[in-house]
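Next, two complexes with chain A in common: one pairs it with chain B, the other with chain C.
Take a look at the complex of A and B:
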């Protein structure tokens, strides 16, 4: 039991462990995601991955859903692999004079109605590296969301949703909690297989794990939604049909407007005439709908999540890279997207790199997470522990902290 | 990654195209105060290769790869269009065809890499807002750029009817006829008709003064039927004025792989340091836990 002093140093000694406000983590992660969507420079993308890994390693809790980051990394690798394979097979590469051809796949001639598609043909170095960069961007984007899911308690994140979304109770609960549940189910099913002596690797295991995992995750998300429903979440009985219809119409119209506007804004190059009106109109409609729907929902708070200085630091540090990469001041926009035709070495733009590294302050600014003592496994927090470890803890043994409630089955 | 002059030297002389062989590629540079430049691809493969064989260089955008023609002969310039994502439809190159005997342009339904031009046809590239209907066609008729079989009269007719006002006003920054010093004199020997001066005098004065190919090189085939006839000037009279049409001078660009690997290594160092820190923290947590 020599872990005591080491551990207190790790947890910054005098800082009281507490979970950070989930919204702060989400703002931080989404800010990084916005920055990622602006670049295909592999140096910057790997920097983002490093920042995410550091924050997750330092500030994740020990709950089952908080051990998910490696799964998101595997998912990102899969995305990169799929992107490269598609680029290789469906090519689009040609013998541009001067391009380095890695190898040639047999070219399959297609009929004229499919002439927009190319099967096989030369595979160039530039095209492959372009596909790698592109896949890496999508993979890093996924990892940003994965880090948010890993760092923020998904069930506490549900509480901060606006009251009007109660209308969509079940859908919102399932959409927010299915990814963490999926990860948790993978761990449970794998452990169960291991206990029975079954293989945990290989294709056969994959098949016999995938089905129970998918079923289990959805089942548990639905069960959570039902439990919340029975406690009044998503209750609509007090609303008159007219209000309900108005709220619904406003929300649907607002979402349509937001979709059109977001597409126009993100596509960038095709800023159509409907972009700005769609975005503004959609925002207004959504706000009206949320206000109208939220008016009749009365909520009481039992244990509010505080929003203090660490929350501010984390949220702002995530918005810094987003702002820096969108503003494009102090560096050339070309450095964000290294050219692949002709192929060139990626540059190392200093301003975006510093902005991304600034987001790493979240790994230190956030308060250390509460962790159960070493002898207690997270899934069984009520296991009686030895008096020695219980005395060292900040909380009395046997009573799990409130934020782990609901994760133990 | 560098391209030697051999690839540029592959540009086919305009005389290799006739009414039944090869494909003529015309590129409209009037948006930058230039002319309509045309070249010939004698060994037809795809529209993309035809563009290169005719003496033009292209660049794709980073998002779509080289298959999306974002620049032709370095136009639009990097300041005007970054060619990172797909350019907006009102500021990109559009691709038109006219088969043998056709006197109207057809908007290409296929990309340049997918389209295989039939022999004797004409491809045209125009820049700017594209109306696929009849009003959005290139400002010059196909007959004005078509290959003839040596008579040369029709094209002379076309070029002489071009009013002087069609050349862009001097307020526009004129498109220089390319860094043609690097052309290593590929163009001049091929145009037999006019004494085309080596266009070393690039820059401001050179624009619009490139030799008009009033006489095409004598083509090897001797079929005397010219499909274009005299319809070109007549047709153009009722419409907009035809811009000046010149033969393209191959432009050599260096496709050198730019930059050095040093930034990548420096970045990799920072990433490794970051990953090392994350790994150390994770390892310590595991040891404690």
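Take a look at the complex of A and C:
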């Protein structure tokens, strides 16, 4: 793809900023997620969170989606809180002699059909710690996904979809851009509704808002379709029915295999006999299907992301903890899931900890993110610097929210 | 380059063809301007060039359309993407990606152009249209003129020989329209691209045209050189009307041409008192109906309206002008009471419309928003009218239906509001709002998409409203319309009022804002063709 060797370092030793291939970040984050799903040891989980935070702080860009990590952290905390509250209320801790009881909630006897569920009763220390650990694991999983979303442009990630899935990617991108427009449309029509002084609640109002919004959306999508048609979307030759059927069969078989394999892998301890063959077979089938389906597509990509050494380092460093925690070599599996009944301090398993820390190399291996030039740029002679464009350029970062678009003109 | 041979287009369910037996040849490198009244089939003609009609829209096309030697019968729009670039009226609706650079590359990706060629073409196009500093910006953040230039750029990167533009400047303020048209003329002159352009505001583009294609009401099409065609077209810009009145040959198409010829005309009517613009009904100015003091509207950190004082008198028509984003709409919404207002007072007969329920506020101030269709949700005109009478509450002075018949006679009861023309829909929404009998009427950009005739009708409607003693405010970009309709012009910039005074003073004073007639007749203070007509008829009865 590239013409000649591309340097990754400037004369003064600084690295040339560029966005890392989005797939590399996703592999890295998913690798950590797999590792996380194997442990409830809070020490390891906090280590993972630290690694994620390090990478995000070092390598995120200035784009809007790159500010999202803190929301994932808040979400994770919420998950932990909900998990603990549920455990406390519906805990069903039995009065085990010897267990440390924190306090007792009034016990509500439930009818027999709700057997297995308990409302209230004693709340033990062990149970609460277990819930905390479990919530933390879920929260850390969420943060792994959040880090991937923060570090890699989600839309750019879609662009690397294989040719056969191109249409799917376009549909997602279009719907992502249509959603804000729909919100804006609803806001506009609601405001207009007030001009007629009619009711703003009830079925009638719903209709008076829904119909103009839907008509608007329909017209807009028709115009978008016409524009895409005029610009050559779907020029490629259509596949023969036989190829289509083969592709479909391969994809379905592949998906089934992948499902079985993924279930086996994620269920952790019990690696069933079908796990590995299912996973491998599924992957092969899917790849074949995608290649076959992609053969009909003739399309090129603008500025494709390169896959170079940093991408390899990032992807592999993410897979290291996953492999280490799944293999369970060099440490005892018990240390991954510290017992809560009876309660014991979590131990510090050295090998998994080192494996997780290895993932932190991604924060250094990835090239620094590309940052756009300052927004106030001297205009080129060919650009007439009209008052309108000048005002726009110097406008402060806080633009009016999209729903004011109809009013601000 | 573009050939139409005996082309007729009939849409499904339509009784008569939209286009009838069209023969049209547009040569390479021409800028062809398609003119005609709203709804005569200009868009159909444009969409037939790249095969969207009938491949995308349905309907039947007979005859032969060929572009660059390829027939649209055998080539659907996507196969012509490398020959014809299409830019629509609302660029945002046609954007597929979300940043400028990716949008420019989109068509090329579809055409499987090699990555290094793509990169080069994107850079060239960014420079050609003067949008290089916008390359990584999100499309929805751009101003209207910038969006339209990106849309043109994204059509150009595929290197089409033909560019089709359907009303590219109708939503833009004069400055932004200038930017876009400058880009288009550069393409014609420097790159030899064939451009086919439809536009209502002829005064903006007629001077650039090499050929005028007129679509007539019966679906027939004539074409020829501008000076020849404009002698008889149904629609004409003021400069051409003036030329027709004065009997100039060949007809002038630009202010420059007309001004050089107008010496004799200026002399003949020079000594006379300039007649007032003729009105269909007399306006009698009455007292102040609305008083606004220190009105502030903010959206987050952005101040849309910064402490505006405004008084509106009954029987007076005020035009509110200013570039996009100068706070016109925010001010109108704040005056009506439905919009945000962070500070200041609005007083309509002792009541603040912002502090009363919306049903009461609309009896004080009626507002027709920028997209009137937002107010319509029922299936027929009759249902909408009946609903409006119910919403108006007890005191109905005049039913919405009879108001509508006065504003736009002859709309059948059973028509679906979506099937109305732009002008009719505007009249319907205005009638719905007038059913509540507001004394102050605000119209937010009502001239969008209206042709000259519809604008004339709108001026008559506004005259009627003013003669009934109402205060009318019209926000508009259209200086010709403002000159003909308004007694007073208020100009806003950056949320402040920068000029406020009688139309002749405000509009006549600035070279950029002046209507064509004022530019040609200066230093005589004529603004509209009607005034000139009056004066000429008095001189030579």
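We adopt the following convention: the second predicted complex is superposed on the first by the 244 of 409 C-alpha atoms of A that agree within 3 Å, B and C clash if a C-alpha of one lies under 4 Å from a C-alpha of the other, contacts with A are read in each partner's own complex, and residues count from 1 in each chain.
In the analysis below, a contact is a pair of C-beta atoms (placed from the backbone, for glycine too) under 8 Å apart; a residue touches a chain by one contact, two chains touch by 3 or more.
These numbers come from a predicted model, not from an experiment.
Undergrad: Counting residues of chain A touched by each partner, does chain B or chain C come out ahead?
TA: C
Undergrad: Output check: A:130 vs chain B and chain C. Expected answer is one of first, second, both, neither. What do you get?
TA: first
Undergrad: Please indicate which partner A:215 is in contact with in the superposed arrangement: first for chain B, second for chain C, both, or neither.
TA: Once the two structures are laid over each other on A, A:215 reaches chain C alone.
Undergrad: Of the partners chain B and chain C, which touch A:62 in the superposed model: first, second, both, neither?
TA: first
Undergrad: Please work out whether A:197 is in contact with chain B alone, chain C alone, both, or neither, and reply first, second, both or neither.
TA: Only chain C; A:197 stays clear of chain B.
Undergrad: Quick one: classify A:304 as touching chain B (first), chain C (second), both or neither.
TA: Only chain C; A:304 stays clear of chain B.
Undergrad: After the superposition on A, what does A:345 contact: first (chain B), second (chain C), both or neither?
TA: In the superposition, A:345 contacts chain B only.
Undergrad: Classify the contacts of A:207 with the two partner chains as first (chain B alone), second (chain C alone), both, or neither.
TA: second
Undergrad: When the two structures are overlaid on chain A, which partner does A:53 contact: first (chain B), second (chain C), both, or neither?
TA: first
Undergrad: Which parts of chain A are in contact with chain B and also with chain C?
TA: Residues 3, which sit in both footprints.
Undergrad: Sort out for me which residues of chain B touch chain A in the complex.
TA: 1-3, 7, 10, 46, 48-49, 52, 59-60, 62, 65-67, 78, 82, 84-89, 110-111, 113-115, 255-261, 263-264, 266-268, 270-271, 274-275, 277-279, 281-282, 284-285, 288-289
Undergrad: Of all residues in chain A, which touch chain C in the complex?
TA: Listed in rising order, the residues are 1, 3, 155, 170, 173-174, 177, 180, 188-189, 191-198, 200, 207-209, 211-212, 215-216, 220, 223-235, 298-304, 372, 377, 379-380, 382-384, 386-389, 391-393, 395-396, 398-402, 404, 406-409.
Undergrad: Please output the residues of chain C touching chain A within their complex, sorted ascending.
TA: Where chain C meets chain A, its residues are 47, 50, 52, 55-56, 76-82, 84-86, 88, 90, 93-98, 101-102, 105-116, 118-119, 122, 127, 130-133, 136, 140-143, 145-146, 154-155, 158, 173, 175-176, 178-179, 182, 299-302, 304, 323-330, 333, 336, 338-339, 357-362, 366-367, 369-371, 373-377, 387-388, 391, 418, 432-433, 436, 445, 494.
Undergrad: Show me the residue ranges of chain A that touch chain B in the complex, using the header's touch definition.
TA: It comes out as residues 3, 6-7, 10, 40, 43-44, 46-47, 49-51, 53-54, 56-58, 62, 92-94, 96-100, 115-116, 118, 126-127, 130, 268-271, 333-334, 336-348, 353, 357, 360, 371, 374.
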